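Chain IDs A, B, C and D follow the sequence of writing; residue 1 opens each chain.
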Amino acid sequence: MALTAEAKGVFPIAPTPFLDDGSIDMSSIDRMMDFYVECGSTGVTVLGQLGEAAKLDHSESLDIAARVIARSAGLPVVVGVSAPGFAAMRALTRDVMDKGAAGVMIAPPNTLRTDDQIVTYYRQAIDAIGEDVPFVLQDYPLTFSVQMAPGVIRRIVQELPSCVVLKHEDWPGLEKISTLRSFEAEGSMRHISILCGNNGLFLDYELERGADGANTGYCFPDMLCDVVRLAAQGSREEAHDLFDAHLPLLRYEQQPGAGLAVRKYVLMRRGILASAAQRKPAAAMSEKARKEVDHLLARLALKDHRASNLVN
Amino acid sequence: MALTAEAKGVFPIAPTPFLDDGSIDMSSIDRMMDFYVECGSTGVTVLGQLGEAAKLDHSESLDIAARVIARSAGLPVVVGVSAPGFAAMRALTRDVMDKGAAGVMIAPPNTLRTDDQIVTYYRQAIDAIGEDVPFVLQDYPLTFSVQMAPGVIRRIVQELPSCVVLKHEDWPGLEKISTLRSFEAEGSMRHISILCGNNGLFLDYELERGADGANTGYCFPDMLCDVVRLAAQGSREEAHDLFDAHLPLLRYEQQPGAGLAVRKYVLMRRGILASAAQRKPAAAMSEKARKEVDHLLARLALKDHRASNLVN
Amino acid sequence: MALTAEAKGVFPIAPTPFLDDGSIDMSSIDRMMDFYVECGSTGVTVLGQLGEAAKLDHSESLDIAARVIARSAGLPVVVGVSAPGFAAMRALTRDVMDKGAAGVMIAPPNTLRTDDQIVTYYRQAIDAIGEDVPFVLQDYPLTFSVQMAPGVIRRIVQELPSCVVLKHEDWPGLEKISTLRSFEAEGSMRHISILCGNNGLFLDYELERGADGANTGYCFPDMLCDVVRLAAQGSREEAHDLFDAHLPLLRYEQQPGAGLAVRKYVLMRRGILASAAQRKPAAAMSEKARKEVDHLLARLALKDHRASNLVN
Amino acid sequence: MALTAEAKGVFPIAPTPFLDDGSIDMSSIDRMMDFYVECGSTGVTVLGQLGEAAKLDHSESLDIAARVIARSAGLPVVVGVSAPGFAAMRALTRDVMDKGAAGVMIAPPNTLRTDDQIVTYYRQAIDAIGEDVPFVLQDYPLTFSVQMAPGVIRRIVQELPSCVVLKHEDWPGLEKISTLRSFEAEGSMRHISILCGNNGLFLDYELERGADGANTGYCFPDMLCDVVRLAAQGSREEAHDLFDAHLPLLRYEQQPGAGLAVRKYVLMRRGILASAAQRKPAAAMSEKARKEVDHLLARLALKDHRASNLVN
């Protein structure tokens, strides 16, 4: 099932589950996928920035992608294939597409500066992986230091038909969504799906600006699914109430670098991952941070039943 | 009244009020200062990053600092003196200290990379402005691209006795506060005041990690004062409840670049500023953004009476 | 005499002469200006990146510009007015234009990334200083981290009629000159003067690509004048021979950061500056470096009589 | 034969020869290796920054390394193993060491900023590849944006015994060599080999500052070998004369991005490579640039017989 510009809803960014010894935890992958499917996800993205992709070798990456696809119950699976060279990008793309991936996600290398450099990079990448592979354009300046003006995104979309989704995580980014949607309205850019990352920190208003959903890894993807659903059905205040209840924890998890440990810890507490282990190198979560997360969960439990069994 | 390492509480970052024609609005400065004093601020910082300092010429900067100091009711006033050269930094420092400033704030130029470069820069800056001027070290990597490891801050503190406050806005930054406080506990660094910026996005837990207060410009400094007070008196959950009620708006205002327009708009809505005008160049707040802020204020009014008269 | 798009020849970047105590050395300014005029310069630029502009306060900058203009024998004088804010930029521009400057030079702040950000910055700068002031666009990515694609330069030139000179110091930059000249040939960009900086490291071939001359501070501006003259008259190999004779020293002086000390030292050795002093903060030239420069001068003396009296 | 801290002489950075269709040209590898051995090289480095390593997949990289090692006549072969993740770095390291490599070269990822981040990165890298593998520390801020203060290099050298060579290409970098050698002299750092990169742009004086040789890819490695030999035997002016004769071309080839095309073109003209082809994506050399290189070669031929058969 190919990824298309009509993608909507929530594509969780899946973490890569490891056991405490650093080996890949295939059972947790299955459990996590079942959870994603049950809570209403409309797709899944693996091997992204927070999937610890750089700590995996080629064959491990393939094994993980294959397991996720096998357990996706027909949901489209997007695989992160960002790489320092096009040879590695092409090899991974071809292999995961053969295994049934719906598309790939490509982040820009952090050396790109000018508009032309950015457009050229994506042109060359698509030349390498093939025009038949649908791809997600990742726009995350905070992490990649690459700033894509709306006009640059339009150039990429217009020039490369296989660009079907924008993983929107510019920050601030609300006006960018409005600008891109106005490009579509005026007919200067074809329609693409806009799914929001950045841990969903502005998802509440991003949906109102025209985003189609979320593509991020917050530890309560079920909340994201509910917020998208409530917003879609017009229950505006209800959507905001639910979102706001999670905002203190969501903000905490969104901390660059430190966030993955929080995410894995909560997913472990929720019974989805067997372990919160990350592969080396990884910053351990301090005892103080763990207590802060527990405190945030306890406070969340007062407002959202999903957290009620997580109170210590 | 000199700034010291015992600084505590809330030092609001004051915006620079302009009239719609771009002239400086001295009446709003007075009103703003009265408000800061009344709501329990323990100091004020002017001409910072969000005080549009770069749009003011030298004599305007002096006039603003003088007016703020005259209306500060004895509170210590810190003046931002960051400049591309030490000649301008020294000139502004000397002039504002003559007018009664309590100290100055110095941000690092964004070309600094290595530990030694950072320490050397502050050594040279203090050599230029004089060792007798207490200064605030601003640690804001997100904006300045300068990363100060805890050990670098320690070197600056130990080498330069006039460093009395850290404006802490590293992100993530909770562990940094704990590390700096552990340096003090083990005796490898003298005590300094840590006041948190970054719009207060993590103020709730920063206070629990050992921060002394806030040094930021969120449009409800009265809330910041209450949170600091509640935390200090041990009313933990009450402090978090109040903070969480503001988090949706606070997060919205914290957007880099876009935030100042939000801040000035709300301060105008609150009757403190006569106008939300910024000097050119400035990004105007879109109509969509204005409605989002109004929505956030309406939702805030349900939880905090301070916002109740701001509902349209 | 206003700066125009017909500027040609050599505009030396003047260093700011200081006495050993850090005060401005007006006598050396006079001697330096007389030297520039005598050796065939067609203009002069002051208060640039290597003019230690950031170490001067506003009144000092004005005094220097005025002295240079008074002694320029009618040559156009360009003044660097780059500043962190438009208020300071406008103030200095207006003051030096009143004193008879021919135009100003504006470097981009190193925070600019996208094409639109760069164009917008120059639009706002010209809005601040006035459309009647001819300006030099400085394109120096190595120092400013701002990359201007040829198309961005074209947008600035087409949109802002007061842009008359490009200080070209992109690196590598030969193809950029060819591209800009091809824009002119095809009629998509009006003609501007291209003067080369980067210490002249590629001046030999830049002239052949279509540059109009040099705008840099190499310690033998008289050589630059001769090379430009020889190239213009078609004495290609003679131009290269002279250039190549200087290349070992020129390359040495071009080292970022370290180069200004070399430049001032040689200008002192040549009897033009009374002292090689820089204002603080400045990296001193090591004894080893001084001996290397003396060695380079001794070797140069074997090929160019200009250096013959500099052999220790 | 393991790489040691006693490495001296010239380790050319080998380009990766491709045929016009993009396939790897094994015959040219053999010819190139024979040339390196004959002209007096003391080692070879493959798969570096200019070896187009990112365009090769894992098995291709292995094949190239194996062929180079097989044809190295006993010279130590260093393999670049820089990678975005430690899994890929470890895999390539283990594989090439098994095939007989003498050591590996590791460049820092361009996200590193603080001293601690840099030291931690190398500690983790060595933890991944194993302490038994000698490694070259690559210090190239111009390309990688990572600035290693001398004290950081000392920390790495002292903490990681397998660090045996510094590929020195900081710019400016002469004082850095002197500082590192002074650390050795005072006993605060053990001795390591310093081999200079940056196309050898300062090799003349770097050798006099204490460098042990060159580790760069200039298209006349035979000249580099002669310069190192002349300097070692005390023929100072002769060494400089030879170096200066090449400086115009060497400077031209050193242009970032554009240089590899020049290098491959000249190596093709010299009969060493069958083709100047680069794998996509690559900037083609313009017709104007090709003529400039031919001109530089013609002028070089007047001073160095090595170029005499390259005159068109």
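In this text, a contact is a pair of C-beta atoms (placed from the backbone, for glycine too) under 8 Å apart; a residue touches a chain by one contact, two chains touch by 3 or more.
Fair warning: this is a prediction, and the values are worked out from it, not measured in the lab.
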Item checked: Touching chain B and also chain D, the following chains -> A, C
Next item on the list: Look at both sides of the chain A and chain C contact and report whether the same residue positions are involved, with over half shared, or different ones.
Entry: same
Notebook entry, point to check: How many degrees of rotation map chain A onto its copy chain B on CA atoms, rounded to the nearest 5?
Noted result: 180
Checklist line | Centroid spacing, where centroids are CA-atom means, of chain A and chain B in whole angstrom | finding: 33
Margin query: From the mean C-alpha coordinate of chain A to that of chain C, what's the distance rounded to whole Å?
Written below: 48
Check: So how far apart, in whole Å, are chain B and chain C when each is placed at the average of its C-alpha atoms?
Finding: 39
Margin query: Residues of chain A that contact two or more other chains, please.
Written below: none
Next item on the list: Considering only which chains touch which, label the overall pattern as line, ring, star, complete or other.
Entry: complete
Checklist line | chain D contact footprint on chain B (complex, rising order) | finding: 113-117, 147-149, 151-152
Notebook entry, point to check: Residues of chain D touching chain A in their complex?
Noted result: 53-58, 60, 83-88, 91, 110-111, 120, 124, 127-128, 280-281
Checklist line | Interface residues, chain B side, partner chain A - complex | finding: 171-172, 174-175, 178, 201-202, 204-205, 208-209, 237, 240, 244, 247-248, 251-252, 255-258, 286, 288-289, 292, 299
